[in-house]
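One chain, subunit A, appears in both complexes that follow, with subunit B as partner in the first and subunit C in the second.
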Partner chain A sequence: MRWEVFKQDAPGKPHQAVGSVHGADPEHALLNARHVFGRRPAAVSVWVVPADRVLARTAEELAAEGPPRAAGGDAGQARRFHVFRKSSHRRSMTFVDHVGDVDAVSHEAALAAAIAADGPEPALAWWVVAADDVTRSDPEDAPSWFEPARDKTYKQQSAYGTVTPRRERGAAP
Partner chain B sequence: MTQAAASVDEGDPRLRRFEARIAAGEKIEPGDWMPDEYRRQLIRMISQHAHSEVVGMLPEGAWITRAPSLRRKLVLIAKVQDEAGHGQYLYHAAETLGADRDELEQALLTGRAKYSSVFNYPTLTWADVGMIGWLVDGAAIKNQLMLAQCSYGPYSRAMVRICSEETFHHKQGKEMVIAYAQGTPAQRRMAQDALDRWWWPAVMMLGPHDSDSPNTPLLVRWGIKTKTNDQVRQEFIDEHAPELMEAGLRIPDPDLRYDEETGHWVHGPIDWDEFWRVVKGDGPCNVERLAARNKAHAEGAWVRAALEAYAARRPEAVEA
Partner chain C sequence: MTTALETPPTGTLRDALVARLTALADDELLLGHRDSEWTSHGPLLEEDIAISNLAQDEIGHAVLWYEVRARLDGSDPDDLAFHRDPEGFRSCLLVEMPRGDWAFTMLRQFLFDCYEAEALPRLARSPYPPLAEAAAKAHREELFHLRHAGLWVRRLGLGTEESRSRALAALGVLWPEVGGLLAPLPTDADLVAAGYLPDWEALPGAVVARARAALGAADLDPGRDPVVPAVNARDRVSPQRAELLATLQSVARADPEAVVW
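For the complex of A and B:
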């Protein structure tokens, strides 16, 4: 089973989509997410969500399909949804960022509400995730899960900064 | 080498819009329209790249127990662990295109899938670990910096993350080789011997000449690659040749020379017969590498089964 992974680099920063892992259950997925995406600073929290529980729409899909419509008229209770947005084509190692939460009756209704409340700059892609589909790392585990990466300075290229036997360009070999 | 069966419907208006988006510097994301051939080429490239990361753990992993100091052992463990993580990033990118991870894994285990030819060479001495970092990771970084510009968002992002981690691999290798090259006569001989064996495999791992690379024009047209194999190889040699010489080592290419006119290093003829022999399964370690992957997969079967059994007994799973 595949799980989307969201990593938070520092308190106050958004959780960002960094990729996916496989896992047999939420706990396994969370551990794999920590092993795969927490080898380097900085991380303070990871979330995992079953990949098939993410509503994803690119700008191109929304332009072709029109605004999202809730399937099957589920007039049930409103739930909390996390909304993620991609805002730029700039070179990046992350995809969509957590930009806010919406209470809605479905993923589609949450996306419609997010688009309605969005600013003038068009989003490049949206993801919507139900808050109760998210498995989150325990803040109590954060020191043992994430802090050791900070001290492993031998993994940082800056630890090798002085190594350059560089010859003047064009000098004879 | 299979000829690219490029079936591209040039009259499709969606193709024109797709190419206009790439020309404007936009990233193509999962869910966006893309030509079937774009998807096929990306799955081919990304899965080969993922397999290379996974198999790439083996030549160096063999030296973890024999590292000459605790620091070197920590560095090597971290590097091999990174390669495992890089395989994970890349399998993820392939999955966003609809590839199935189990099928990709089976293709590797049964020998149907290709991976980088360079990992089919043996690591005979500890100096090889340093030389792999400096040359093989150095060549890989040149290729991966190019691929970080890729038009497909998930592949590009995986490359940005990999490059940021892999620069450490390159630098630790360079540091180690320079230390040996300035060390005792025996250490200098080890460094030179490692260079003698790894120079050509590193030069070759950047792929066939452009004239023998039928996929390249389409890959460049669609922004999957932004440079050709020969361009990336030139960048690699221009950086590494002078630095290796400065370290006091002799590059095993008698024709290698610096061209004042162009400002580039010119290399001698590459033995492509050797390259294709190794790619097609007849390198020094192809059989050993596949056997090691199959052994690891088989010996991990009980762990996977236990995880599935545990997951099936969770209260939430039982309720559902």
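For the complex of A and C:
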């Protein structure tokens, strides 16, 4: 089963979609997300959501389909949804950013509300996630999950000079 | 005001502390190496990354202990890791054994993490600051290791018939060897008497109780308590240690003069 991973780099920054992991259940997915995306600075929180529980729409899809139907889904009690937005093509390591929450009766209704409240800058893509589909890292675990990464030093692969010293030792190629 | 225990020990106490630090470091280095043997062989991509992370963490903790030792005797951590003969290592058989299957690796990691969950907070209370600081640093990360290994113990024990039989088979081999991990070095008694290893006599019982509780929650009964020998000098070279070090040291020994890797 595939899970989308959202990582927060620092308190006050938005959770951002950084990629996905496999996991047999929520705890397994969350630990895998920590291993895969929290190893290097910086992270203070990770969320995982079953990939098939994400409503995702690009600007192109919305233009082709028309606006989402506000009354779609279960006509029942409103639930809390997290809304994520892609605002720039300039970012390669992240996709959408968490931009706010809305209470709505369905994913589609939450998306309609988010689009209605959106500013003039065009959104490139939207994701909507029900808050109760999210499994979140526990702030109490931050010292063991995230803080050790701050002390870790590592080299970019270009920093490994294995070729040059060989040449300097005079072993003619 | 500084007490005598805050300054580096001398004489036989120094030698005893060097021996204890060597055992701590060697266990981490060899376990880290065995974990690293899964790199590119993990059961799924995320677990491959996870076990490789664990391997790096354990090797990083070995470096912490070697560096504390270096302050006492001027030794070089790289030299100790890559150019020391197997006779000079003080690892225990638990960490030396081949990686086995995934259940074996996870059960071993879990048992070692249970030991660290008890040993590191004790060492973090040592009055000798370099020892206490290294222990506190390693302990922070070990809590995440224990979470990961504990997750696998539950899923193996409560999963399928096959996962459960593999977990029990692994436990049958590993559990008795916990005794060799927990047994003190012959010179540990001097450190305990001098106050360097707080509450160290209670360590074996605490580790076994912690492991039993988690194994029980996974419906895995390890049987009788492991026999903890009165001492374990760790100076006998097992075939597993020799084989592991031959691999671990092969690249460094192929070019002892190399300075850049």
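Remarks
We adopt the following convention: the second predicted complex is superposed on the first by the 148 of 173 C-alpha atoms of A that agree within 3 Å, B and C clash if a C-alpha of one lies under 4 Å from a C-alpha of the other, contacts with A are read in each partner's own complex, and residues count from 1 in each chain.
FYI, a contact is a pair of C-beta atoms (placed from the backbone, for glycine too) under 8 Å apart; a residue touches a chain by one contact, two chains touch by 3 or more.
Since the model is a prediction, treat every value here as computed from it, not as a measurement.
Once the two complexes are laid over each other on the shared chain, residue contacts for A:Phe95 go to subunit B alone; subunit C is not touched.
Once chain A of one complex is fitted onto chain A of the other, the partner contacts of A:Pro143 are limited to subunit C, with no touch recorded for subunit B. By the document's definition of touching, both partners, subunit B and subunit C, reach A:Val21. Between subunit B and subunit C, more residues of subunit A are touched by B. Applying the stated contact rule after C-alpha superposition, one finds that A:Asp132 touches neither subunit B nor subunit C. Once chain A of one complex is fitted onto chain A of the other, the partner contacts of A:Glu65 are absent, as it touches neither subunit B nor subunit C. Residue contacts after overlaying the shared chain place A:Leu31 against subunit C, while subunit B stays out of touching range. Contacts of A:Gln157 after superposition on the shared chain: subunit B is touched, whereas subunit C is not. By the touch criterion defined above, A:Asp103 reaches neither subunit B nor subunit C. When both complexes are aligned on chain A by C-alpha atoms, subunit A residues 21-22, 24, 28, 35-36, 39, 152, 160, 165 touch subunit B in the first and subunit C in the second. Those residues of subunit B that touch subunit A in the shared complex are 25-27, 29-33, 71, 74-75, 78, 81-82, 85, 88-89, 92-93, 95, 101, 148-149, 153-154, 156-158, 160-161, 164-165, 167-168, 170-172, 174-175, 178, 241-243, 245-247, 257-258, 260, 263, 307-308, 310-311, 314, 317. Against subunit A, in their complex, subunit C makes its touches with residues 44-47, 49-50, 53, 57, 60, 137, 140-144, 147-148, 151, 155, 258-261. Of all residues in subunit A, those touching subunit C in their complex are 21-24, 27-28, 31-32, 34-36, 39, 141, 143-145, 147-148, 151-152, 160-162, 165. Subunit A contributes residues 2, 18-22, 24-25, 28, 35-36, 39-40, 56-58, 60-61, 86, 89, 91-95, 124-125, 152, 154-157, 159-160, 163-167, 169-173 to its touches with subunit B in the complex.
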